[in-house]
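Across the two complexes that follow, subunit A remains constant while its partner is subunit B and subsequently subunit C.
And then the complex of A and B:
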């Protein structure tokens, strides 16, 4: 067979066709992942149980707190419960796809798996994210939905189709905020070869996002809104449902914040790839 | 013919951080790290025509892998140009990778816990290989690499040789026009090496694929490549035909002989007189002859010695690739630019 000295670039393909192809690849990666997980069935079962248990404990803590205090800075127990329930949905979505970000520096950069990623005709970020899933993220999503349902019943709220649509719009937007923040932290490892261990303390700060941020002092509120935008992962979007008309408008900015944070992080990632230094041999 | 691979003035610098010792040193490092640049690839230029099979050799740390990683789009060069099939690897990475196949001998690209065939199916989807091509390739691999009975086994249960065969098949599934092989025979036994070499020859004949191969094993080069490029400390020191390399490096085989009776090496030299063989000057039971494989057949030397006197043991060793590289490097340093 004769070799042309110029390769076809394949750029004539339409955007839609490309997207469809990427969707198929994503599906194929997911199926591959499930097959691997099924090889270790017990792990899967234990994971699911452990996450469910820790979520129940957190709920109990909230219950105990509100058995002593009737209100938290003007927020009632069902309102706080709703915010907490909401926070679990984007967190679950995020946890579903973020496992590989934590181990990225170790496994991909130092362990050398990133070479292989760069040798395939799929976006490097998409490959890293979709090479592994954390199925226990589904627990958080379902529990979050249940808690929200229970809280709205206690509130006697009358949510309609619009609110359901808002949820479908706000929860993924909030998940993008999570993904953006942790992607930025992960991308730092392209430049800093030491393990910074920045992710765990930041992950712990997520706790702050589960309460109405009006209970914090102004500097903390500013920090959580603009610097480390965790106020956007639960409080602001949940305010659409329980925060009154003023905050409900703010809630609608959530997906925009998500897109901005994620885009910034993705650009950092891209620069990081250019800066990638492979391991020896 | 227009070259398929075109490399000009390619450079890659790594920034290294030297660490100081102890706790105080660690704190010092935090504030003002000691950085220096290491030039791993230094103004490398070459071009390769379609269908060539080129050996890219050098000692550890010579810059082989770094060059390959720039050619495959993994690393972005510090300076210089690379085009392969008219594409700039690191800039058009996603499109480019559809046209190349890569095998790293030290690392597998297969999914460790799954059956081999699962990896192939996923790669089929990723590279959008149509059913007819997929079936044809799988048949070809079974014929040349005997992969058919390995397909249902999990990758982790394969031997190194079996894994390497599957890895080669995986790299060729999408019928790439260029194949990059980084140490494809490392760690394999003689039979394993033979299999891989035979396959590479076969696939090159059938598909006309262009191959760049890095290796430590001169045997790989001898059996596969007409052309070699030698790199040392990031620079190209030789680029030409293997025969020319032999001519320049000279006596590349070393025959050691253990005799029953101690003797002087001059006696042995007399035995092989007429052949261009040099004996190391020494007394005793063990003697070493050096000669050029191209000029002298080892069998002739051995026959002369064995016919002349009783021999306990014989050992024939190729000059290791490091020596060849060192010799080329020495010549380059001594002879300047001739």
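And then the complex of A and C:
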């Protein structure tokens, strides 16, 4: 009898074995990617500098603004700093896995790489996401944690184990919101060729989700909370730590929002895949 | 065209045989081509109008909160010499101006170098720096009509942007932003030239993208900063890209200040063009093209 190879179709296995098998495959994807990436160590170093530079500028902007005012709509400098630091963690997590979403329409649909993806017996979405990583996301995560630590020290806050656990839920939850939003935008390209470029304006909105959203007018707040839910990528989850007891309760909804947004986007993706016709190239 | 005709055409194109009017005609052609190229992608700029509206809106609310916070603490209603209304105008005009002078010369040049496409440009009988500058003019023409004006139509009524300080101020603002275009483009060309030395300049391009809006004064006016920082930026070309024209618009630079501002811009425009040409001349001497 022929022994199945390690990467043979997993359809004949039990559910648990199948999950473990998929995990091994994506582990292999990651190792493969790391090997490729380590050939260009200098890039990573320069990227670290670039991320650090951008952080420095953001901090300078915040510093200058708060040199002119004590509180921004009732939010102190350390509080705003904390929200900003927090925002970097989910953004970093999202950046780690999102590189392929930006070029998806061009490289996978028009370039024909998606055919190869569909031929393999693993989920298409997971393949596209795990086929490339942006290691610079790690920079954002670490710098974000450092800014948060500094801000908590300035606040004199004393965070305990519960807060640490909360961070472990809130940050990935917020990252799911990012992933869901941009996945949905990417999935649109299964139906229409995106000549307009929907992603850039949405991406540009991110930088304003780092401020306390109470400074915005009511329509903008509603928009950021329910329509394009970027209030959930930084402000609401960070409010668990710095927003007082009322908003802390709201913060707990973040993972739920993340799961809902991501699930919706994943469903869209699935419909899109069914709708997919190869360009034949 | 027969061989003799081709020869004659090639002769007219050769830089050393070109008359000044011939050069103008040639580079004018690139202006037109760039305009048409961007016209083909005009759909993309509709969502760009949203992006710029978002930029203005975000800063609008931020500065409103800042001025309100000061009022609550009983501090003066002007910050860095600007009232809240002037601040809103500052933000809006900064972004409106950026929509005009912005281009991707650094990225395009870096791509040409890393992908080897540069070889094709080196054998053509014109100077890539001039070509890219004139293409930037064509792009700016497109941007003005299809991008900057629509953004103005949305942003000005939406945020109550103040009128220019006068007809003369408006005219000088336009002159000033034209100089910004040259400075911005030549700086971009210099940054792109780094690709000759570094092969991969993704990190540099990212830093440029992030740093530019800050150093040009688009995000925060320099008068908000401590004195030492203002001294530093006064010696850099970046303030000539946005801060100077916007201050002219607001009527904060008149008389001798206006003249010195425009002269400073002109000096940077000329200086950077010369610098870029020298760097270019040095860089192409040692360029290695692998394929392409």
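Operating definition for what follows: the second predicted complex is superposed on the first by the 265 of 281 C-alpha atoms of A that agree within 3 Å, B and C clash if a C-alpha of one lies under 4 Å from a C-alpha of the other, contacts with A are read in each partner's own complex, and residues count from 1 in each chain.
Here is the rule we go by: contacts are C-beta pairs under 8 Å (C-beta built on N, C-alpha and C of every residue); 3 or more make two chains touch, one makes a residue touch a chain.
Keep in mind it's a predicted model, so treat the numbers as computed, not measured.
Asks: With both complexes overlaid on chain A, does A:25 touch subunit B (first), subunit C (second), both or neither?
Replies: first
Asks: Is A:73 in contact with subunit B, with subunit C, with both, or with neither (first, second, both, neither)?
Replies: Second partner only, subunit C.
Asks: Can A:57 be said to touch subunit B (first), subunit C (second), both, or neither?
Replies: second
Asks: Once the structures are superposed on A, label A:115 by its partner contacts, choosing first (subunit B), second (subunit C), both or neither.
Replies: first
Asks: Figure out whether A:198 sits in contact with subunit B (first) or subunit C (second), or with both, or with neither.
Replies: Second partner only.
Asks: Let me test your reading of the model: by the given contact rule, A:278 touches which partner, first (subunit B), second (subunit C), both or neither?
Replies: Touch status of A:278: first partner only.
Asks: Could you look at A:14 and tell me whether it touches subunit B, subunit C, both or neither (first, second, both, neither)?
Replies: neither
Asks: Which residues of subunit B touch subunit A in the complex?
Replies: 1-4, 14, 17, 50-51, 60-61, 65, 69, 72-76, 84-87, 90, 92-100, 102, 104, 106-107, 109, 111, 113-114, 118, 122, 125-128, 177, 206-210
Asks: Spell out the residues on subunit A that touch subunit B in their complex, using ranges where they run on.
Replies: 1-7, 9-11, 21, 24-25, 28-29, 32, 35-36, 39, 112, 115-116, 118-123, 193, 274-278, 280-281
Asks: Note which residues of subunit C are touching subunit A in the complex, please.
Replies: 43-44, 46-48, 50-51, 54-55, 57-58, 61-62, 64-66, 68-70, 72-73, 75, 79-80, 200, 202-204, 206-207, 210-211, 214, 219-220, 224-226
Asks: Subunit C touches which residues of subunit A in the complex?
Replies: 40, 42-43, 46-47, 49-50, 53-54, 57, 60-61, 64-65, 67-73, 195-198, 200-201, 204-205, 207-208, 211, 215-217, 220
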